Amino acid sequence: MTSLSAANREALKKTSTATLTTVLFKRGFRNVFIQGVFLLNRDGPRMVGEAFTLRYIPAREDLDQLGSFEGRGHPQREAIEACPPGNVLVMDARRDASAATGGDILMTRLMVRGVAGIVTDGGLRDSYTIEKLALPAYCAARSAPLNLVRHHAVDSQLPIGCGGVAVYPGDIVVGDPEGVVVIPAKIANEVAEEAAAQTLFEDWVEDKVKGGRSIFGLYPPSAETRAEFDAWRKKPR
Amino acid sequence: MTSLSAANREALKKTSTATLTTVLFKRGFRNVFIQGVFLLNRDGPRMVGEAFTLRYIPAREDLDQLGSFEGRGHPQREAIEACPPGNVLVMDARRDASAATGGDILMTRLMVRGVAGIVTDGGLRDSYTIEKLALPAYCAARSAPLNLVRHHAVDSQLPIGCGGVAVYPGDIVVGDPEGVVVIPAKIANEVAEEAAAQTLFEDWVEDKVKGGRSIFGLYPPSAETRAEFDAWRKKPR
Amino acid sequence: MTSLSAANREALKKTSTATLTTVLFKRGFRNVFIQGVFLLNRDGPRMVGEAFTLRYIPAREDLDQLGSFEGRGHPQREAIEACPPGNVLVMDARRDASAATGGDILMTRLMVRGVAGIVTDGGLRDSYTIEKLALPAYCAARSAPLNLVRHHAVDSQLPIGCGGVAVYPGDIVVGDPEGVVVIPAKIANEVAEEAAAQTLFEDWVEDKVKGGRSIFGLYPPSAETRAEFDAWRKKPR
Amino acid sequence: MTSLSAANREALKKTSTATLTTVLFKRGFRNVFIQGVFLLNRDGPRMVGEAFTLRYIPAREDLDQLGSFEGRGHPQREAIEACPPGNVLVMDARRDASAATGGDILMTRLMVRGVAGIVTDGGLRDSYTIEKLALPAYCAARSAPLNLVRHHAVDSQLPIGCGGVAVYPGDIVVGDPEGVVVIPAKIANEVAEEAAAQTLFEDWVEDKVKGGRSIFGLYPPSAETRAEFDAWRKKPR
Amino acid sequence: MTSLSAANREALKKTSTATLTTVLFKRGFRNVFIQGVFLLNRDGPRMVGEAFTLRYIPAREDLDQLGSFEGRGHPQREAIEACPPGNVLVMDARRDASAATGGDILMTRLMVRGVAGIVTDGGLRDSYTIEKLALPAYCAARSAPLNLVRHHAVDSQLPIGCGGVAVYPGDIVVGDPEGVVVIPAKIANEVAEEAAAQTLFEDWVEDKVKGGRSIFGLYPPSAETRAEFDAWRKKPR
Amino acid sequence: MTSLSAANREALKKTSTATLTTVLFKRGFRNVFIQGVFLLNRDGPRMVGEAFTLRYIPAREDLDQLGSFEGRGHPQREAIEACPPGNVLVMDARRDASAATGGDILMTRLMVRGVAGIVTDGGLRDSYTIEKLALPAYCAARSAPLNLVRHHAVDSQLPIGCGGVAVYPGDIVVGDPEGVVVIPAKIANEVAEEAAAQTLFEDWVEDKVKGGRSIFGLYPPSAETRAEFDAWRKKPR
């Protein structure tokens, strides 16, 4: 697997998920935006990192009791300690947010361990504490019930679905205040580069529009506009 | 079509959508509040204006490619430039917010052109930029994917549905931080006038309730309360 | 019915709904968190109080006209005046938030009367006014339409469902910024006590995690951790 | 309460729910068709009868155990024995069909007791046995789980909602293979009479259409068509 | 627009919608199956024909009264008389089946006029009469309420969405007992031809599987299997 | 893992899923009925067998092309050939039935191989052919689109969710015309035995009810009724 360069990792922190969907669409990817999740802590850092996956299935009353968390071996607790720094923990909770898939203590532990963020299509509990952590945390609902009433953590680092999108371990997961995009690992570098270029262009366009220019011939650009932008881009600033 | 007077346009900016639904209910209208949308920019101006409509159907892979935006003629781009200043652009996206129906560049253009606001029952992308514009923008979700993955802009200025409500071009669209109400054009002036009167009364009631008065006989008012209010209203202030 | 002690009432104001779901789960209760509601006014006081219930059924056009609110006897208006200070008014609106179940005037009256809060699985109107009141108010949506277009208030103080949870009059209803938990009346005191102890422990755990400690053996605690916590707890501070 | 005449009861058995919605619409009723239910036994008799209501709220683990059915006093069991012959048992299960609200033994008992039918917006279990009974039974799903996992029968003969429609005890409930319509008790006789006349006209129209006639001027009828129909109706047959 | 050949029209009557989705997928079309509709009359003829579209928006109380059907000009009634023989009437009801978009009289008129079928993502009323007509009729629900309570027919022969799929006037609409596929007009002939060939192959595969053969190397076929099939196909029968 | 005895396997074929949910409820299991699936072929055999699981995640355009089915190794094709005779193939399609998870050729292969049945919470295509096979097949919808447009088969024999229920490989899966129940493997024999006894009792009760007896004291039985049943059961027949 090609790894994401340090420069591109930084570049992706300045790229919007909107721009990324367009760059991925050009390569034939139509379903890359995790549906139905929102960011708890809008004042935190931007989220970029490799996907580390955790999968839940429905709970079963005989297995999912409080004792199951004790000692070692519970897949959720193991994942919290195993997710590498710089990675994003992505949870498949079958889009069921009627119970939590984590709370403030686990989220704090992820933050302290240097994890880049967390995404779940289930709920998060203690959400008003989590929203003050310096950890990007995306969930489908603020949901107090402990995971055992609905979810059973079963395994990690397998391909999963999250919010309707396929997530393979190692995919690059990017979050902004709008939501989360998943970039297939093998094209992450080229997507990052094209997205950075596209961001530069769109910022220039926004500037022109604020100045009163019509979108016709500007967005998307005509040949003249493209030349105008190229000239501007080469100007020393 | 009777046009909304300048005075009533200003009055509607001070009227709540809640009060408008009551005034419309008295005239037999039960379904006037656009369901499932929220305001992105709560610090912006209040929204009042004539509906300018845009309709999307589901995307089709052969037609909905990036090239379709080039040049002139794309219905979405044309609508952005055609919607008159003071009007509200209302989009029918079939209540499907899994993709966007516009982003920050188009919203900025609408703002610069003097459009009064925008309402869509689909998504908006670059939502955290849009929320800082001085343009009331209502959508069903923050949604990064470009419209082409789901939506095909097909025509404008036809009657549409938006959030389950009929919207005819020229209807008066009013938004507050709670949501959006659609007033049939032909009764917009009388509705505005009655709503202004009702607002005055409800502010007076709120004051009384804050002072400790029971709602019985007050809201709705008994004959005595009505007289008391009338007296107060006529008092010089 | 055992009544909640004053000390436990205060303790519950410092307890999270997340912790309460765990304490209730230990006693076999899996469905105690009202689904799909959110808090309008996050700066207000915490909500703890006995449930006072109000039930809506679907509206019927011949019965649900504006005149129905006049005089005495309308169940919604009666409930607003009857709900005792310190209680929480809980409304069953069949999880239909396409219309309101109350607005700013009624909410103000509740606040003035000393009611501890209000929970509805329908909508609230004038929500941007309500969110400034010192009254905890939970609803399923900001929804301008008056209740008559969808809801008919029919009776109060019967057992109801709210957000998928059974609510019996007198149950203890606790709200925090995450949502609302319903505690069966007869176990409210023991739940409050256990939750307070659990909160103390979790705050200590959070502190340890912030200091870099792994969750293994800590959360849930091993025998050693439990002893460590007990020693800490007994230390004079 | 005016009671439905024997002749009108028979007439309603030959009237479609479609025609009834039109007759009720003329009187201002727009929401009379129970949404989301279907008929299990299409070979059974047509259903007409007074509503006898039963209400469920969400189950609670401490109350809803198998022992609760023992002896007398369980509201569901009591309703099965109390619903008068000729009435229709209508159940409010909050449109949650993930568990049953009755099974074959209870349905057989209703049939033997001469009850006219049963409507629930929850599930029915043993549905493939029920579908062979001579008892019209409408439900939202075939659903095996016993009611205790989700539903708690709480009271009967109160106004309820069923499938989004208000049902007052004594309302006339009419079912055909398409579904179920609720007629307010006080207008049941006049609605039955107008529906019978409308049915006669529509059968005549259907005949004309089968013969090749255009619907213009026929449906709805012009003055000429109305005269033609009146002449036909008066002809001895 | 290329027109569908008579031979291909017949061929499509013997092709399954499943096979058509595969043939269209090869050409990049992923969204061609109308979601959420079912066939009322499974004993009727197979449906193939050009799309004739009709569009509904939400009803409005002042416009949608029974009088609106009178005389000429009502878009629904006009469409019933205008849809050419051999075409399929496709209705966009915004996937809202809580009211009907047609009933037995209109469906009978379509049948008599030689229309090839009808598809709506709303409801149909008098469904148990329609299911006996020799007219393929697909709907989202059996729904008694007249269209006026929810739907307003607004125009025809514009591009629409139906069950989440784009439908352009003239597209070829094919139905089998599983559902309905929409083929873009310009590729209808080539799709029909490839689908016929694929059907022949799949029938041969089904035969082999019934005889006990493994699917490996058979479905999809290896080079050997492909040769075997080609030999069989050329054999005189 | 205890294996299901041959006698209990046969007994379960005569047991209803309704009765099984009650027997499992007594042991604390509340969530055992797969939600949202129905039986395609009601004339086929009853379904009992060990769960063999297959898991789908969302499709991704670069991976999910027709070529992926070729040769060996595609998880869906491998599962079709690997599921042991007598087992039930249970598919986790994330409750998304907008595309198929199998069609007639694969279902025929399962039947020929002696598989006991198939359950998917996604769609099945060629459903009207499948419904004539002697293979119990449960799905969430008749859905023509090939799986590649939405689903990616990823692995088998892992614990999954299906229709909201946990399914572990080896669990006993029982289907009747109402739906499907999942019995944890370790208690399958005792559940089968208790369910058979309960079935005998309920058949006796049904007989009594048909004869006119009230349900009070009968269902559930009083001590007298229990004695009466025991006497009847011991009588030679």
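Some points to look at:
In this document, chain identifiers A, B, C, D, E and F correspond to the written order of the chains, with residue numbering beginning at 1 in each.
We take it that a contact is a pair of C-beta atoms (placed from the backbone, for glycine too) under 8 Å apart; a residue touches a chain by one contact, two chains touch by 3 or more.
Being a predicted model, the structure only gives us computed values, none of them experimental.
For the pair subunit C and subunit D, there is no chain touching both partners.
In this entry, subunit A maps onto subunit E through a rotation of 180 degrees when their C-alpha atoms are superposed, rounded to the nearest 5. Taking the mean of the C-alpha atoms as each chain's centre, subunit A and subunit D sit 50 Å apart.
Annotation: 32 Å between the Cα-based centres of subunit E and subunit F.
Averaged Cα coordinates give subunit B a centre that lies 39 Å from the centre of subunit D.
Shown for subunit F are the residues in touch with two or more other chains, namely 30-31. In terms of which chains touch, the assembly is arranged in some other way, matching none of the line, ring, star or all-to-all patterns. Contact between chains, using the touch rule, shows up for A-B, A-C, A-F, B-C, B-E, C-D, D-E, D-F, E-F. By the touch rule above, subunit F contacts subunit E in their complex via residues 66, 69-72, 77, 80-81, 98, 100, 103-106, 108-109, 112, 125-128, 142-146, 148-149. Residues 16-18, 20-22, 25-26, 30-33, 35, 38, 42, 176-179, 181, 202, 205-206, 209-210, 212, 214-216, 219-220 of subunit D are the ones that touch subunit E when the two sit in their complex. Residues 28-31, 57-62, 94-95, 152, 154-155, 158-161, 164-167, 184 of subunit D are the ones that touch subunit C when the two sit in their complex.
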